[in-house]
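Look at the two complexes coming up: chain A is in both, with chain B in one and chain C in the other.
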Partner chain A sequence: MTNPRTATEAGSTEIQDDRAAVKDDDLVPGPAVDARDQVVRGRGSRIVGIAISTFLTLYVIWTLAPFYIMITSSFKAKGDAFSLPAEGDWGGAAEKLIAFTPTTQHYTDLFAQGEFERYFMNSLIAALSSAIISVVFGTTAAYAISRGRFRGKKDLYFWIISTRMAPVVAVTVPLYAIFKNFQLLNTLPALILAYTVFNLPFAIWILKGFFDAVSYEIEEAYMVDGHSRWQALWKIIPLVAPGLAAVVVLCVLLAWNDFIFAAVMGGEAAKTLPVATQGLKSASGIEWGQIMAAGMVTVAPMLLLGIVIRKYMVQGLTMGAVKQ
Partner chain B sequence: MAVNTAARGTSAGVDPSGPNKPTPRRYLAPLLLPAVILLALLSIYPFVWLIYMSFNAVGLAPGAPNEFVGFDNWSRMFSDSQYWESWGILAKYSVVSMVLEVGLGTLLAILLNRSKHEKLLITILLMPMMMAPVVAGLLWQYLYNGTFGWYFWILRSLGLLDEGTILGSSDIALWAIVAVDVWEWTPLVALIVLSGLKLVPQDQMEASWMDGAGPVRSFFQVALPAIKGSLMIAILLRFMDNIRIIDHFIALTGGGPANSTKILPLYLYEQSFSFFELGYGASIALTLLLVTILFGKLVVNRFEEREENPAKKDEELV
Partner chain C sequence: MAALTFNNVWKRYDQVEAVKNLNLDIRDGEFLCLLGPSGCGKSSSLRMIAGLEFISEGEISLGGQRINELEPRHRDIAMVFESYALYPQKTVYDNMANPLRLRKMSKDEIDRRVKETAAILEIERLLGRRPSQLSGGQKQRVAIGRCLVREPKAFLFDEPIAHLDAKLRARMRGELKHIQKTLGTTTVYVTHDQLEGMSMADRIAIMRDGVLQQVATPHEIFNRPANVWVATFIGDPPMNVLNAEVQTADGGLVARAPEYTIAIPDRQAAALSNARLTDGKVQIGIRPEALRLSQTPDAAHPIAGRIYAVQPLGDVEIVDVRVGDERILVKTELGTIQNEDIDVPVFMGYKPEKLYFFDAVTGEAVYE
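Entry: the complex of A and B
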């Protein structure tokens, strides 16, 4: 929870650094600005530099402001703290945004109902189980696709990827009917299977890239030494370990952040955090402080994970288009 | 940061066209089948069910029989004006948010590429993407709120909003959701484009500057051709996600006011799980799937093109 806040602070120091950088540019040309350029358009490039810093600063504010309001609102007492200043009263607005007495009331209220821990555990179990299933099955399949040559490989690969791209609602319709027949509705296994629809193809896709990058000679050396192919596969697992960890985290992220599956098939018994957070809204009168607190509980763990595996996050979110 | 293209064939002296020696057939089955069977159960089996459902009135009570209705669901769909309107709203929403995200994202990528604080900025940009979309929707609903919302207050204070609330006006609500999408996903476009920019040799850029081309022209002459592939992937992924994920809409408007934000996947959600017209929902779902598969084919072709393009092979930085 403190993490986004430190990031906010980091953001503001960053902004100052950037201004300093612009001044430096006058002496030391940046990578894309060569010396001649400095001579010809010295003043112009300074203006460009300021424009760039301003744009980046504004973009950082635009990105972080909702986080700031979410965090502060989750610690604001009911009533007056939530009121807005008169329209156009910018001074009053700044004061309202910064000065307030923090309270953990919304968090204690949230957990005092006694159900929120359960929703948290549901989210965790569903996300982790699906991630583990996807990584285990995904590893062997990705290895086979990476190393194997067989007819229909392209079609198989396309089928796997297109499954990952299917619209969530379109998948939910038949799964709902099927799970109803098997009496799986409102259970965690239903959610775990549903998340695996998207996580397994994702795991195969990303892990194939990691196996492609491992030289076959390494396995060959093991097999020459008398290991079986299975043992050789086992031996190269450490080489793709970063990939495995990244895929687990990304699968957890995808499942944790899901709303549709859990809302339709989870019911009360398998309610997850996003559904519970949205559920707070329909109660009589919207208690924004509490919703923001619930949102924080939902978002904070993923923010932490995201920052820990930052470089793989980029790769995963871009479906492997970006590799670090 | 380098692009996936480089993943193959970079490891010592391996022939890039077929990076590794084939695994003997007898190993393929036990390696592949578990995943393939599981995925088939979770995707092909439901797909067949979906087709079956689209020709039935699906019974709701436990054990209730389905009733075969022929093409009723399909003819209903083709004459359903809301269905077509929802396609239109989806197209409008997707095109506008895509244009904004690609424009802003490309600009961001160019600036990030030059910035000394690239790592920190990327970390900040990643943050919105970690947020559960439904929570992002709720957060923005709060920001837009006519009584407590800071963004509502700012718009009013700047004189940009004369009357009504943001989400309550049918001519603004869709654009308000576009803003949320831009907030959460522009960084994704920026990061994909950034990966393409990393492949542009710095000296080429500089040479173009030396020729007096200026930043804008050298961008179009040197950088744009190089990042075309990345841009295409970003655009396709964003289009697909706009069809895939409707959480923002559910949290922010639920399709209102006056159906002005009812994009097709949301209409499908409503028909299937508010009115429990599962047979009708199945028909809509199949048309959505068809479009997705076409888009998917385009995406995969793009990825393969990148993997097969030998000019970009040696760029990996690890």
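Entry: the complex of A and C
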């Protein structure tokens, strides 16, 4: 260096400037312009766009049409639901889809005359209980497997998920025998246990992945800051929230939609919505209107759950960006 | 603030012995650097102080009190992690306030402390942000801030600036040292970067394969390394180590290799003849900056070699010289060598007082 003093001075001012630059520029505001928007769209991409829109439109119709039919049919009088338009009368056919006199008769039949309120509560209790048990034990077990260092960890982990590999039917008979011995048949606890058998390994498996993604150092930082181990686990729960949301949805769905366990072990005392719906098909005929109404009663809470839980899933996704 | 003591401490994982019989006294208010390559046991040692690892054997005491059985939260130490480990869902302010809230401090006191610390670290403007909105350097400051607000008994740093770019690292070295000297808090700093240890620490503890090699001031570590491993670990470029045999000649001792003979200075000759060297085998250590180069042979430049490569570094250059089967690095001022072509003959001279001698078998340094 020819002149050390000026060199050092220049260096230090440069560092000062750099410090300011770091503060102002490194704040990650996100790119102002998305590079993809700047690509000039050619004719080829327009055709692709039309193709995609067409496909999506058809897909939406395909998915929603049954729902539409279910909703309208559940509010149609018996005669309306089965009246057919004259052959070739397309206008009449379209009119039949839209125009009818709505009636709540089927719903009244289900709840006032039938015992759907009780079946609904059975479904709700079985699904929520199993989901809660699976989330609580799934969280603690997944945490232990993710953080613990012990022999046979991989084998244990594989064994847990391997219990899900057997088909449901294969488990039904042995579970029936076991529940019979414990006098659990025809009770809600039987259903809750059966659902948990399937939900818990799944919960552990999903949540372990989410815990793995959270740096252990964050928990260690909590512990050094003054938290106990349990408190540290509690503190990182928000970071695995998307996993918990996914587990809750999937566990509730499995139990809510189950037919076979409820049909075999539930009996009359623990009858759930799917079994009750099936019961509407009797020797004297099929109550289509009531079946559609029952379908609505079954679907609506799950739609609601999806809407509520979506918020947490999205929140969780943005949280992922925070991880170092 | 408190002194920290390792007493015959061992750390074992299944088959691996990560820390072997560590004895170390860290003085009250001292900045001690645990230095060594990855896997040398320095991080395990630090984590045992924090309570994040169990102590397999021995005792660690903080301020005279045994802390082996204390949970991390009761040890009153603060730690900066390699990944910073900020709480992603909390703002910078809440990250820093977290340890204080646990201590049931009043809101005003927390607010005062957080703002004071933020001012020291120049992060006042970031207090409302979340970690995802910070750059690496800023995250690092926040992590340090979370430590400083607490006024703990000791600071623990685990490679805190390893992931910053070189320029920022150089600045943070100065700032960390300044902060530590200002607060006077006992500090243990783990790094694999000798530059960080040399530039910041009051004393350096060098570890290798779980064994403490030497504890000394940076100056002493550099000038009086305990063994050949420490000697070559510290210094950039590393010290040259040449194999030779000690022989008697003209009433004195010389170290002889096929290509050269080096006279052993009198002050070291006595020690070398007393040291029980196996078959007289010795290792000669000489730092690249203690060698001089010439392109003409003379008495002052007795070791002959050929240029292997020249690395210019602005004001100095590193000349890589081949001598027989060995290679010697020489740090010299730019322009010392006129002809830098490969295989051109060069001649090296040295100051006898800058020579180090090591037992070739044990690696221990032999001083007068």
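Criterion: the second predicted complex is superposed on the first by the 239 of 324 C-alpha atoms of A that agree within 3 Å, B and C clash if a C-alpha of one lies under 4 Å from a C-alpha of the other, contacts with A are read in each partner's own complex, and residues count from 1 in each chain.
Throughout what follows, contacts are C-beta pairs under 8 Å (C-beta built on N, C-alpha and C of every residue); 3 or more make two chains touch, one makes a residue touch a chain.
Remember, it's a predicted structure, so these values are computed and weren't measured experimentally.
Applying the stated contact rule after C-alpha superposition, one finds that A:238 touches chain C and leaves chain B untouched. When the two complexes are overlaid on their common chain A, residue A:215 makes contact with chain B and with chain C alike. Contacts of A:77 after superposition on the shared chain: neither chain B nor chain C is touched. With both structures placed on the common chain, the touch criterion links A:132 to neither chain B nor chain C. By the document's definition of touching, of the two partners only chain B reaches A:277; chain C does not.
In the superposed model, A:69 lies in contact with chain B only, and not with chain C.
Within the superposed three-chain model, A:225 lies in touch with chain C and out of touch with chain B [touch as defined at top].
One of chain B and chain C touches more residues of chain A, and that partner is B. Once the two complexes are overlaid on chain A, the chain A residues touched by chain B in the first and by chain C in the second are 18, 215, 217, 220, 229, 319, 321-324.
Contact residues on chain A toward chain B in their complex (touch as defined above): 4, 7, 10-11, 14, 17-18, 21, 30-32, 34, 36-37, 48, 52, 55-56, 59-60, 62-64, 66-67, 69-70, 73, 82-85, 87-90, 93, 97, 133, 137-138, 140-141, 143-150, 156-163, 165-178, 180, 183, 193, 196-197, 200-201, 204, 209, 212-217, 220, 229, 253, 256-260, 264, 273-275, 277-278, 281, 288, 291-292, 295, 298-299, 302-303, 305-307, 310, 313-314, 317-324.
Of all residues in chain B, those touching chain A in their complex are 1-4, 6-8, 10-12, 14, 18-25, 27-28, 30-32, 34-36, 38-39, 42-43, 45-47, 49-50, 53, 58, 62, 107-108, 111, 114-117, 120-136, 138-140, 142-143, 145, 147-150, 153, 156-157, 183, 187-188, 191-192, 194-195, 202, 205-206, 209-210, 215, 230, 233-234, 237, 240, 243-247, 250-251, 265, 268-269, 272-273, 278, 281-282, 285-286, 288-289, 292-293, 295-297, 299-300, 303, 316.
Remark: chain A residues 1, 15, 18-19, 22-23, 26-28, 215, 217-218, 220-229, 235, 238-239, 319, 321-324 touch chain C in the complex. By the touch criterion stated above, chain C contacts chain A in their complex at residues 50-52, 71-73, 75, 77-79, 81-89, 98-99, 102-103, 122, 125-126, 129-135, 137-139, 146, 167-168, 171, 315.
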